[in-house]
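The following pair of complexes shares a single chain, chain A, combined with chain B in the former and chain C in the latter.
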Partner chain A sequence: MKRLVDDFWKSAVLACLLLTLAFLIGPLIVAISMSFDARGYLAPFPPTSLSLRWYASFFANEAFISGLWNSLILGFSATLVSAIIGTMAALVITNYDFRGKAVLSALFLSPLMIPAVVIGLALLVFFSRAGIFNGFFRLFCAHVIVTLPFTVRAALASLTGIKRSLVEAAMSLGANERQAFWHVTFPIAKPGIFAGCIFAFAYSLDDVAASLFLYDTRSITLPVALVGHMRANFDLSVAAATTFLAFITVLLIVVLDRLIGLNRIVGRGLYR
Partner chain B sequence: MTLTKVLEIRNVSKRFGATQAVDNVTFSVGKGEITALLGPSGCGKTTTLRLIAGFETPDTGHLLIEGQNIAGLRPYERSVGLLFQDYALFPHMTVAENVGYGLRFRDMSAREASKRVEDMLGLVKLSGFGSRRPFQLSGGEQQRVALARALAINPTLVLLDEPLSALDAKLRQELRTEIKEILARVGATTIIVTHDQEEALGIAERVIVMNRGVIAQEGSPTEIYLRPDNRFVAEFIGRSNMLEGTIIRYDSRRARFSGSGVELTVPSDRMSMGTLWACIRPERIAVFDPSAGAAQRQAYDNVLSGTVVDSAPLAADIHLLVQLASQQRIAIVEKNLGQPVRTRGASVLLCFNAEDCLVVTS
Partner chain C sequence: MISRRARPVGASALPGIGTSRPAARRRNFVAGVLLVPGLLALFFLLLLPLANVVVESFRPYVPGKIGGLVDASFTLSNYAALLHPVYLDYLNTMIWCASLATLGGLVMGYPVAYAIARTKSHLFRMCLIALLVGLLFLSALIRVYSLELSFGTVGLGRTLSGLMGVSSNSRTYAEFLVVIGLMHHSIPLAALLITATIQNINPRLVEAAQALGAPLWRGHMSITLPLSMPGILSAFLVCYTTNLSAFVVPMILGKGKIQFLSNLAYDRYAELANFPSGSAIAVQLLAVAVIVTYGIGWLLRRRFGEGIH
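And then the complex of A and B:
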């Protein structure tokens, strides 16, 4: 009897897992396969024959391509600045004890709890009061803010894993504070900081909610352009665009993992 | 023998919030000397080490290395080599890079530096381990790398923080001898900070016992065991039977101690009024059957009778626990020489001389 109950639960858990997986991957498979559909209109799934026509139409669309460039430039610059600010914030939080420390770390993580729409609207009001109308600058600020929770959290996690004695050892051997940071703290925290960068970049590349409020005609990002395109005339170049975006993100993760993954394995050695 | 003083600590105090971690501590360390700071956790020994290394600044007092005041110097401006309790090897560097790290900040060509790294690895018997990563090494090997790294910069003073605490019992003994040999070979002036008396007594030539931020006693390992100054040292170093009581009479040579239900003859060299403790080391007590002859008994100044409560033959030693008529329990350590085992409930006589009792104040 007990055995039967066990079996039942086992199959129930397995079913849940498969269902979750199906919900995650199913739409992705549909979108990817539809992006290769050869039919010239929005036709039922599955595609009857394959072609690259939607990719051609995506790359031929000037609004998409300039949006892609805007998104990439924005993603890289916002991630870089977010990583620097995030790492510095994490360094202060891990190394010093001061009043309001908990408040500060909560503040840095708060953009994750506030809907991006709210942040976008708030920034829109703020920027128009401040007289800042450059779309790219406004988007850049917004993207740094919404990605900070990722970079701060990743840096915090990897910095708190570094024992104080490592830095003290470096200093007792003759390294000053700056040298100890670049020789010891940063190399050990690097994989974690990069992991945070990947999340930040993916989030930035994806963001519509905050960006919708802040772009101007010269700084339309790809997701914003896609939303606009979907409203006007829904065709499968949107599917091609999303597939392409997913491809870029995966490529980035693979490349970064190749670059720093080895280091991460080695770094793990001492923290067994 | 007068030694050049490498380190001098004068009236140093350090307070953390409500705790007085180090309270007016004064001591000095001579060139080439191995000194241990020994005490229970929270006694101020680690704070003292961190003060010397420069990770903490003293509230008051002076710290001098080779006569130079180092109070205002950053850790990297002092020539102090540190062996951390957790070794603190850099996980992203090879063994050779670890050992050579300190040489980056010294005026040294790349060839000189790699020669020095080779020499250091040879010193700790790890030649050929240079290209390995710390996580590929055993605990003992990691510790030797850390020692080589600390010694590579040719420090004026070497500080060892609980050097053996992370290792298992068998390895500890091996490494204790090894560390001692290595330190002797380079003639390093060393301070060992530890709570483990075996570590302190086994490596150091001089022991400073600390308790609650102050120095309880300073002396050679033998001195502090045989002549403890106070109750804390008597109880902390080795095992001891502590009997509370007072002196009831004394002459120039002997005194009579009374308390805890016994009366003992003790030496009269350290007399004082009020409550005292008689400290009797377990290995100083001879155990006889009650049938033992009068001649045998009369050879001892003190004879107590009791019954065996517990007998534990622990390999080389037999640990006995004997209860006296006064309910006071006495621990005894006998050599295990194949004598018949004393059973629980057996009556015994405990015999020891006046010189085997140490009278200490609290």
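And then the complex of A and C:
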């Protein structure tokens, strides 16, 4: 009897697991296969014949392509600046002892908790009052702020893991603080900091809520262009963009795995 | 201010390094230089704009003008408008959808977390982790678009809404779409956060319970589940804040029938250019986020100990 109940429980949990995985993956498979649909209108799944017409229409769309470039430039520049600022701040937080340290690190992590819409609106009102109307600059500022928690947190995590004795060893052998940093601390912390950059870049590449307030016609980003397109006419050229963005996601995952190993994201655990 | 209090960490361990006066002063100077860019960015791009929004939310609205009237006296009218039943209804729907999606994310994420923590196959474990991290990285637009294709009118929409006894154009079905849209993000998030906790639970405990005659489900319910509570609760906090501040999911999947506070704030700006009212909504949204993160977080920590982040 107990065996039977246990078997039933196991298969129920397994069924729940499979259902969840189907729910997570299924829609993506539908969208990716629909992007190869040859029909010229939005028709039920599955596609009856295949073509690349929606890819052609995606790449022929001026707004999408310039949006893609803007997004990539914005993502790279904002991530770079955010990583530099964030790592600098994390260095002080890990190496110095002062009152208000907890408040300071909470402040650096706070943009993660504040809804992106609030940040977008706040910056819009602020920049309008300050007379700054350059779209790219406004987006850049917003993206630096929203990605700061990712880079700070990653830098904090990888810097705290470094044994102080390593730095002390370098300094007792004659290195000064700066040399100890560039030759010991930074090389050890680098993979973790880069992993934080990947998170920051992915977040920046996806941001709609803050960007919608701040873009102008010359700095429109891909997500903003896609949202506009989706609201105006829901066609399959977005499905082509889906495949493209899914490919970028896979690329980021591979880089992340090479950098720190995906296993480290959930940790090893005591009973593993 | 900060740099003066700073003192070298390794001073006692290493006499001769960082103890002399000029060296300590230099270290403090370096700390100041390192902190300045971050503090400037936070002050000018976060704190000042947020304070500005709070002030803005008390200003009277003048149609056709960017920003509220500056010279006029402050008013509470932007907040009074938020007490209108229509707004309370929006707020209600938002909290309901976010709560449901968070709960669903936790319930459906838990078995996935359990599978990652306990599977014996390294390959299966890595595939699951890669999938979940990939789903977290996945653009919200892809998520929304794929779900609309699969569960909208061209997909399972007619069938599912028929089963629910409503039209696929109804508000109820839009609510359903928004909830599953949020869940598609909450499930991987919750699963990854819970996995770390389950890995620290000794599997022998359930085996012992079984040896003493408990059925497997009983063992899990009275051992694994309570022990993984810290992970579940921190996952709850993270998912709940993300869901409450969702923007793209309600905007596209809600089809105008479901609006979260973030959508309302955007519409105030985009359609009416009513900055004071948009600011009041933004302040309200911020208050919700702060209450959930710090308020509920504090309550849970007090009840379940410090293990919750």
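Note that the second predicted complex is superposed on the first by the 236 of 272 C-alpha atoms of A that agree within 3 Å, B and C clash if a C-alpha of one lies under 4 Å from a C-alpha of the other, contacts with A are read in each partner's own complex, and residues count from 1 in each chain.
What we mean here is this: a residue touches a chain if its C-beta (ideal position, glycine included) is under 8 Å from a C-beta of that chain, and two chains touch if they have at least 3 such contacts.
Worth saying up front: this structure is predicted, and the values here are computed from it rather than measured.
In the superposition on chain A, A:V92 makes contact with chain C only, while chain B stays out of contact range. In the superposed model, more residues of chain A are touched by C than by the other of chain B and chain C.
With both structures placed on the common chain, the touch criterion links A:A56 to neither chain B nor chain C. Of the two partner chains placed around the shared chain by superposition, chain B is the only one that A:I188 touches, whereas chain C remains out of contact. Applying the stated contact rule after C-alpha superposition, one finds that A:F23 touches chain C and leaves chain B untouched. In the superposition on chain A, A:A38 makes contact with neither chain B nor chain C. In the superposed model, A:S172 lies in contact with both chain B and chain C. In the three-chain superposition model, chain A touches both chain B and chain C at residues 168, 171-172, 263, 266-267, 269-272.
Chain contact summary for the complex, chain B toward chain A: residues 53-55, 74-76, 80-82, 84-86, 88-92, 101-102, 104-106, 133-136, 149-150, 153. Interface residues of chain A, counted against chain C in their complex, comprise 2, 5-6, 9-10, 13, 16-17, 19-21, 23-28, 30-31, 34, 42-45, 84-86, 88-89, 91-92, 95-100, 104, 107-108, 110-111, 113-119, 121-126, 128-129, 141-142, 144-145, 148, 152, 164, 167-168, 171-172, 177, 202, 205-206, 208-209, 212-213, 223, 226-227, 230-231, 234, 238-239, 241-242, 245-246, 249-250, 252-253, 256-257, 262-263, 265-272.
Within the complex formed with chain B, the chain A residues making contact are 163, 165-166, 168-176, 179, 183-184, 187-188, 263, 266-267, 269-272.
On chain C, the positions that touch chain A within their shared complex are 2, 5-7, 9-10, 13-14, 17, 27, 30-31, 34-35, 37-39, 41-42, 45-46, 48-50, 52-53, 56, 66-67, 108-109, 111-112, 114-117, 126, 129-131, 133-135, 137-151, 154-155, 180, 183-184, 187-188, 192, 195-196, 198-203, 210, 213, 215-217, 220, 241, 244-245, 247-248, 251-252, 262, 265-266, 269-270, 275, 278-279, 282, 285-286, 289-290, 293.
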